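Heads up, the next two complexes both have subunit A, just with different partners, subunit B and then subunit C.
On to the complex of A and B.
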């Protein structure tokens, strides 16, 4: 009986996951910790593991005029070394884990793991990134925010695989990513916050905000972003308290070993206020 | 039982262990490369650092299936190379080794950093070693050792 598979091509992978109850393993940095039992004890997978990390055709960074296309098995450290990587995405990768982790971690891994604390997720949400999801005989393009439905939950079917991440290239007047963690390296976020804004003639013409680790999924509220778009910068600053109040109801963190919900909520809203003050 | 084959410290080796077994366990228990240390077992301490295709990884997070047909180097392999020898000398001259548990991982991370940036700034050294914990030295001597290796090893990396 074949109880695992180490493919060298995408087509072999898609065929295997089509015909077997399989678990795709790429960089494994999350999976090996989640399945860990202890030293010298083999991590246990209930489905047949498929080791895809070294599939060459899924390791690429390509650029078109409007997008950057990232192969599913491209380690995120390659994005740090790539000139055309969007600066926000680069920022989130720089504070993600450690150099050794970044040599294994992949964007689809961050997406499929679907942790609300995933470092690249708030960025992929506000950049309107998509993924290409393939099966043996079909493919579809879905926005990252529509892939994740809850903590550790995604829309992917068992015969599907993310093969590519597609990030639009856009220039913003101002953008940043802030991560609050216990240590500079190798920390899982307690709270993260990101923004990207376009300002033209003192008017906000594009506003995007997202929070990580303060709800079951990344918090991005497009209806609120729209509400505060097309207004003068000075007016926007005057509306600070109203904006914070609008967001307050959506910030619903939990207590866990990293932090507690009161601290998370307060700091998340402080980060929002700080962004408005310093814009 | 099918075999997993890979290049370990420049030699072709194979094992019949299951591909979800952690690389660190195979390296230590089957191939006796006990320079690879287990600290945290979850990618936070860097004591188990090895090179996978010349790039730094934590061997406690790598399932054996990922290394099939790939290249692995441990501290035992690195210490045979001119770069490894110079790093070991620099670490001892700077007093960068105390209890020694983190040292193999630190040396792997130092080598990997110098491969990428042959002449790093102090900040770049700290970022390069940011995934490796040391509870003895306070890190200053380790940073000094990497700086020394980079100066004395011009052309090696």
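On to the complex of A and C.
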């Protein structure tokens, strides 16, 4: 029999992970698949699983003047029903897996799973989203892009838990999210691309771009974004080839059972080019 | 008289949609043991030594030493062992079965078994031919000599996975001195024959029952015989109930799939006319032959698709490779060949600068034309009428011109196809010899006694409809339970688009017998046996004569649009016209058409399955991508009646027909959109990118 814990309060959870070698499971839509041993056999866990779906205090969406705060145990489908959900985030959730999975999956689950193909990750990166990480007696706020250090790797310690995702509210002149999967629904990304741009008086004053599934982590290059900010829109378009060339070196996809690296690279750059052309 | 085609509610739809239907993994028996298969870790190797752990009481390891009969799965050739003995020929080939009460412990035992191998070099190339078939029609040498030019293309088709919702599974138990097997199967009597052979037992020692089947598509034709043999050996030895259910990954990595194929076609041309075609077909059987010879022969017979070509040379090989054995899949060799011939006709037209539609029409087979095997198309062919309907409904001709000029990435494609109904040639008479019974009890309830399995295709509804219509009794008074070999005669396997036309035809005859001899409140039973029409002549050795008793026909038109940045294909709309003789139930045929066409289209542009070093790469539903409802286009389906005299109410086969045209239609639509010749499927975004960058 596996020793597991289904807490109903945050404090119980933090105490438990402080005193046990534990693994928090929030949604389980990927983790239970990774750990399964077969029908009618208990999945394989080296650490005690803690299922957090019953912590009511972490199931919320709140808005402040500048931010939207999303409780760690809020299923992503709730974000689809919430009016104030940033449109980019909504777009990524709409194409995430299937309705059944969206009713269970959570943003912290997507973050901690740390897959380069995680659907919400490029969005959380370019929106400069942060997470609140708590232990029994401390808490810290860290940007999502600094939480993930590699495929399936994060900075979280075993006594720490993400309790909240904090997304800044911002208005962009233009933004979009493109997911390229093997089919139109219920697919894992071969490539994803997102952008958010602010344009004032024909000048780009804020430029953010990110790519998913074309490297070990989400690709967002702030130094390149800065390089092409405060540029006239027409000039920006003229620089298309240069921009593509600047990004090319960072797009380092692999061959796998879902696609190949040549396709991933070419399509990632096509999407970048198309973004520039149609801006 | 009421029209049989008028749709009625499917008899099992309430049970299936409410969750009441019991599938094999839902069965639980007292003191039931669980079984897990021990599998090879190598693609080709000699087994040097096995080290089995000491087992706790109640746990067993079953292997080849427990087999009372000969260690082969009874099929056409004795080549596939039930359990590997001294060698393995593909990755994950079954070696033994571990059985015990706690499934987790069973898994631990499986993992603790040590097998020492001497690794050998595997083959994945098409070099080791184990079957060669060839035949000619007319005079190909003369055609070659008279021709002024030759047009040649090679087409490649991939694996396709059936991906039934319910994985393979079976339960075995010992009851009334019988080894009894209940399973998710298409062919109860195939399973029985295999088990009788492996146990070297009397016929009545084995009983096979069907559980509700959650999809099959051919994948549960011959493969379940292997699982049944594993279980039967265990049940025979232990005399307890044992459950063996495959995990999804296990199912996808180790069960039969559609044969990958390479098809080389060469046309001998003169004055823009096709004098003859030579076809060279190679199919990949995997590690053992199984049904591959029959798959090859059905592919070869389809060598000219719906066209009449006077001079032919057809040659085909079954190649053995060290990969998972391939087997039956809806279409059975035809999807590969029809993809090739449909693309080829199109490519010839382009090369000689003739409208493809014009070229197609000039070679379209007509009644009394000679078939690819020099048989005769005896029944009326209504393709011209079907074509008119398809062109009109889809607005094909206008779109075809417009999209070409628009320089858009829109495309429209059309395929024409036929499918032979029933077993090849005299197979129904020489191999199957179907028997059906109709039994009336004293309450005037009529039971259909046949071995046909409802796997979602609706046969429980259509058979009852046939009987209730003929007898003019309510459908509720007609009973058709899951087949049980203790109770039903062998009406043959549920395969080859034969169930309604052949078995249904016999059931209809039995019903007519009962009607003529009906005595109220009396027990009555009528038996019908298959009799081959005397005009069907088939020379199996030389592929000469009437390959099938009848053909169903179809046209698919598919419209696509391709994304210029991502090369993703959107299938926007589809139009189909079918001649299935006469629909026994319109909605059931439309269900077959929607599902079949989507499965065919998926095969054509989406479904990727590859083996690398003999290992299947796409082994779960996440990685093996098939169309979802979101990907499904609007499909318009039209049926035109063309009754076949020997089918019940004129019905012919419909199960496979609806799949076989999907791939060429979508591939031609994509070819039209991008203006590049497509020679392989699936036409994935990766392949489209490749084609479009070769400017």
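We adopt the following convention: the second predicted complex is superposed on the first by the 277 of 279 C-alpha atoms of A that agree within 3 Å, B and C clash if a C-alpha of one lies under 4 Å from a C-alpha of the other, contacts with A are read in each partner's own complex, and residues count from 1 in each chain.
The rule is short, and it goes like this: contacts are C-beta pairs under 8 Å (C-beta built on N, C-alpha and C of every residue); 3 or more make two chains touch, one makes a residue touch a chain.
Computed from a predicted structure; not experimentally measured.
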For A:109, using the defined touch cut-off, is the partner it touches subunit B, subunit C, both, or neither? Pick first, second, both or neither. neither
With the two complexes superposed on chain A, say which partner A:186 touches: subunit B (first), subunit C (second), both, or neither. both
First (subunit B), second (subunit C), both or neither touched by A:274: second
Using the touch definition from the top, say if A:260 reaches subunit B (first), subunit C (second), both or neither. second
Kindly classify A:44 by the partners it touches after superposition: subunit B alone (first), subunit C alone (second), both, or neither? first
By the touch definition at the top of the document, which applies to A:122: first (subunit B), second (subunit C), both, or neither? neither
Is A:71 touching the first partner subunit B, the second partner subunit C, both, or neither of them? neither
Share the list of subunit A residues that count as touching for subunit B in one structure and for subunit C in the other. 38-40, 42, 184-186
Which of the residues in subunit B come into contact with subunit A in the complex? 4, 18-22, 25, 29, 38, 41-44, 46, 49, 52, 55-58, 60-63, 65-66, 68-70, 109, 112-113, 127-128, 130-132
Would you mind writing out the residues of subunit C in touch with subunit A in their complex? 25, 34, 36, 103-104, 107, 245, 247, 564-568, 570, 606, 608, 610, 617-618, 622-623, 625-631, 685-686, 689, 693
Considering the complex alone, what residue numbers of subunit A touch subunit C? 37-42, 178, 180, 182-188, 191, 257-260, 262-263, 266-267, 270-271, 273-274
Residues on subunit A engaged by subunit B in the complex (per definition of touch): 4, 6, 25, 28-29, 32-33, 35-36, 38-40, 42-45, 49, 51, 53-54, 75, 77, 97-101, 103-104, 184-186
